[in-house]
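One chain, chain A, appears in both complexes that follow, with chain B as partner in the first and chain C in the second.
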Partner chain A sequence: MASNVIGRLARLSLSSVRTDRNVFRYSTTAVSETSLESSASEPVSVPPEDASVFGDVDSCTLLYQDALESWVETLKVKEIASKVGTTYLHPDVFGAFPRTDLLHWNCYWQKMYRRIDWGSAKCTFEMKGGGRKPWPQKGMGKARHGSIRSPLWHKGGKALGPRGPTSYYFMLPYTKRVHGLQAALSCKFAQNDLRIVDSLDSLPTDDPKFLEDLCEQRYWGPSVLFVHEDELAPRNLTMACDSVGHLNIMPVFGLNVYSMLKHETVVLSLKSCEMIQERIIYALRRSDAHLVDSKYKVRPIIERTEQPRPL
Partner chain B sequence: MLRRVALPFLGRAGQRLSSTDIPEKHLDKFDVDNPNYTKFEVVSDPDVWSHVERLMPKKIVPPSPTEGGPSGWTPVRLTREEARELPYFVQRTRNHMLPVYQRVDIRGPRYVTVVRKVQGDPWALRNALKEHIKQIRGTDDVTTMVNELTQTVGIKGQLVEEVKDFLIMKGF
Partner chain C sequence: MVNLRIKSLEVLRHLPRVALNNLKDVPHSSWRKAKRILGSRREVNWPQKGQKQRQQYARLGFAGGSNRFYLEVPKEPYNEGHQLRRHYPPLSLGTLQLMIDTGRIDVSKPIDLGTICNTCLFNCEPKDRHFGVHLTAEGIDKFRAKLNIEVQYAKEPVIAAIERLGGVITTAFYNILCVEAKVDAEKFLKRGLPIPRRELPPEDAFEYYSDAKNRGYLADPKIIAEERLKLSQKYGYELPDISKDPDFAMLTYRKDPRQVFDGLRPGWLVNLRDKIVLRPTDPEYIKYYES
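What follows is the complex of A and B.
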């Protein structure tokens, strides 16, 4: 189901151009259960004007659009006032124009590429028997027939029926997949349905009730998708989500448009947010984007021997 | 007729060898002692690495140059303050080019010049562009289209250069 944009390794592709990050800042007051009201402090900072803060080489988006700012929450307590700081987000990733056509293309592709139509019907000649002419052509007063398995007959073969398992596999172009993720993340962010938490490890208990209460008190929708930076999610979260159908966990490389739209709220850990940002920026800036799709070509590429050309 | 050119500086690699000529144990082209390939020397000098790196394909498109070139390409000239006053903005493509394309319909009789990657209000760009084309052509007969869903603005006609000039004039 993954869009194959955020790779499994999520390697640091832009590390050569990356500068020291000061995007995430902790608030001065630490979170404690006694002083929840004062935990959310107002950020006093200027949005970064340079794309290199995000590990990006160049972005003219920052000319007309500020870097986006988001709260960073924690899962330590249930209450809604559990902010531990703020972070800046790249407008190319989280503030793009919501291309609903691309959202639809991605959802359609995710439904279709794995679909196999198992419908199959036997035609006249695949049915058993029917090789003999049932009665003579003339003299019986009956209609003329050559086979009892003709499509006209009861228990006859099927004319123009479905022919065997049919694959609906196709690969959506790479840029459409990238821009689909971009659009989905931007829609979620614009609707305040994208939450960033410091770490998914910060959940103190493996009680499902605690997590459900947490989601309810913070007005996270009934269905929540937690995106973890690693394949192995923390034990507390896994145990808490295990028995609840509408709370799901996903590794960062499995992020896809369909799941994001299916869940009401998407919760990213700070590290997975950075990884998503880095991979999508790389996908937007990479020089070989037009070559990515070649490996998904279904038809075999015929290698012809080079013919000598006239000089 | 194919003419064979001798390439002496390539050593034996320049010659045409059939597969039977090459012993199997010498197929490793990174072997220094392989007689089938050009002699080379292994250097581990960090100063030389930049010359190698220069030849390797770049993984990401380098940042936009700050000055234009003889081809007529210019960088984005808008400042942050100017860009925020405009009701629209046209993003460059990943290769720092203007996203202006010509679409051919009905195999030729209909041409539409399309501006993609419009941010903000596409109708404002369409109005400004329409006025500009009207002045150039000296006619009121300018047909346009706006696709809000994909944020594209189109003008009927083969007007890629005119539209590019307009956008460069605006500073995009």
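What follows is the complex of A and C.
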């Protein structure tokens, strides 16, 4: 872990000379060729001669938007120069507007829907005893009281206290969940925190040290999330990640906004990238999206401590 | 012009990593939790003494004295009784063409209200007294499909546009229970009700649906054929001969005036779970649904 932190610090100082950024081409007019330029002083990742192009351009090209491009790496070697080709990405999935407010709502929902507030306090009538009038109404020179468990009394019941277990369950609307995933993938891709590898099977050993060195040499952060297409990840990767807390594996169907933002780098295999694209495009294009929410109409409980400031 | 999407993604490259620690909602996007009322809600909100009870506003339309402003200002109640009238939400020919081009509607089969509602792109609410679809002429110039369509309301140019391309249009009436069944057939069949018998149009709509000029479903087919020819002469196009068309059977298909679903007769009961259709055997029952 310590070595990774040092690696992170070293990376911060090195960030100006990093050249292994993804190919950013959000439109034909705004081509940023700087990522491909190289000079003698900088460490350069040069794609090999036999670099291949994965995926289909036409399926990722829209009428007014070009397909995005990304490097495809491999886990066979530790070195940063491990590019095996490029792939095309759909601009609606990986190049959408970064709606950080939807990211906030998705994270809030993921935290809150499973929260149960177990806080509970007994009221006057649930307390033990207190049925007898402690002293007569008149003639004692003392204040009048009817029960020793009144909220005014020490060891009395609680007035307006928390009542029993409270559920904070609510369901975020379907479109907000879809657009949250879209925004998270787009933010990760724009900040070069989304890496695509040919396959997670290509890891040669089950040694955790190898994988940690690999992540450090490629400037993937201390925390990395590997997204596998299937629920059973390859044996080498599973064994390597098992003893390291900050390297995690997740199947495609478990991918969520909170986990993506919790980890610094998200590593997708080519197949899982395709599956994610297909699922999100389907969810964005379906015309019956408004019918999905009909089952879950639960309003969120929002506790605000202060009034939102004026715009 | 700046493309905000591209620019924001470019800016994001030079900003700190988007992570759990720097997420924020846009201000005023959510509501505040309601203020907790201490004591009885009735006494707090509607007190029986004090300023809150005694302050009162004049009723709407009261302008002082004994005058009411709505007696002075002339009224033009165009929308009076709108909740009781029949509404036909519009669907333009351009939208219909788009649905066909994007593969949401199959023109090789007869099209009716159910087909249009199944695209989920047309909103028909029977509870708001929407009685079906009104096919409008918008986008008439780019319409180029040959189809057999049944709508609830259409005007002359729309009829001409469809017939010029060798298509067939019919205007048909559905009562509100049948509209409900057509709009969401699965939901209706899950209720376990027998398929209803389509009622005849009400008195004020009977003339429209029995007129051959409107291609009403109650009009005589022979007169409709004459009217098709007349309309083609009026608009100056050559009427394609449907009898020589390879899709003759599809183009001339029509539901019975009492029928709601294709291939199913009124009175039948559909069991979706066991995938069987139950037909009535009681003669009295059969007679009721066949009348």
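As a working rule, the second predicted complex is superposed on the first by the 233 of 311 C-alpha atoms of A that agree within 3 Å, B and C clash if a C-alpha of one lies under 4 Å from a C-alpha of the other, contacts with A are read in each partner's own complex, and residues count from 1 in each chain.
Definition applied: contacts are C-beta pairs under 8 Å (C-beta built on N, C-alpha and C of every residue); 3 or more make two chains touch, one makes a residue touch a chain.
Owing to the predicted nature of the structure, the values given are computational and were not obtained by experimental measurement.
Participant: Determine, under the contact definition given at the top, whether A:Asp193 touches first (chain B), second (chain C), both, or neither.
Facilitator: After superposing on A, A:Asp193 lies in contact with chain C but is clear of chain B.
Participant: Pick one for A:Asp201: touches chain B only (first), chain C only (second), both, or neither.
Facilitator: The answer is neither, since A:Asp201 touches no partner chain.
Participant: Mind telling me which of the two, chain B or chain C, contacts the most residues of chain A?
Facilitator: After superposing on chain A, more of chain A is contacted by C.
Participant: Please work out whether A:Asp288 is in contact with chain B alone, chain C alone, both, or neither, and reply first, second, both or neither.
Facilitator: both
Participant: Between chain B (first) and chain C (second), which does A:Asp230 come into contact with in this model arrangement: first, second, both, or neither?
Facilitator: neither
Participant: Quick check for you: in the superposed arrangement, does A:Leu261 touch first (chain B), second (chain C), both or neither?
Facilitator: Once the two structures are laid over each other on A, A:Leu261 reaches chain C alone.
Participant: If you stack the two complexes on chain A, which partner ends up touching A:Glu79: first (chain B), second (chain C), both, or neither?
Facilitator: Once the two structures are laid over each other on A, A:Glu79 reaches no partner at all.
Participant: I'd like to know which partner A:Thr100 touches here: chain B for first, chain C for second, both or neither.
Facilitator: Once the two structures are laid over each other on A, A:Thr100 reaches both partners.
Participant: Which positions of chain A sit in both the chain B and the chain C interface?
Facilitator: 97, 100-101, 287-288, 308-311
Participant: Can you tell me which positions in chain A touch chain B when the two form their complex?
Facilitator: 13-14, 17, 49, 57-58, 60-65, 97, 99-101, 282, 284-289, 308-311
Participant: Using the touch definition up top, name the residues of chain C that touch chain A in the complex.
Facilitator: Listed in rising order, the residues are 3-6, 8-10, 12-13, 15, 17-20, 23-33, 36, 38, 104, 119-121.
Participant: Hey, which residues of chain A end up touching chain C in the complex?
Facilitator: Answer in residue numbers: 24, 26-27, 30, 32, 95-98, 100-101, 103-105, 107-108, 160, 186-188, 190-193, 258, 261-262, 264, 287-288, 290-291, 300-304, 307-311.
Participant: Applying the document's contact rule, which stretches of chain B touch chain A when the two form their complex?
Facilitator: 1-3, 57-64, 76, 78-80, 83-84, 86, 89, 91-92, 94, 96, 119-120, 149-151
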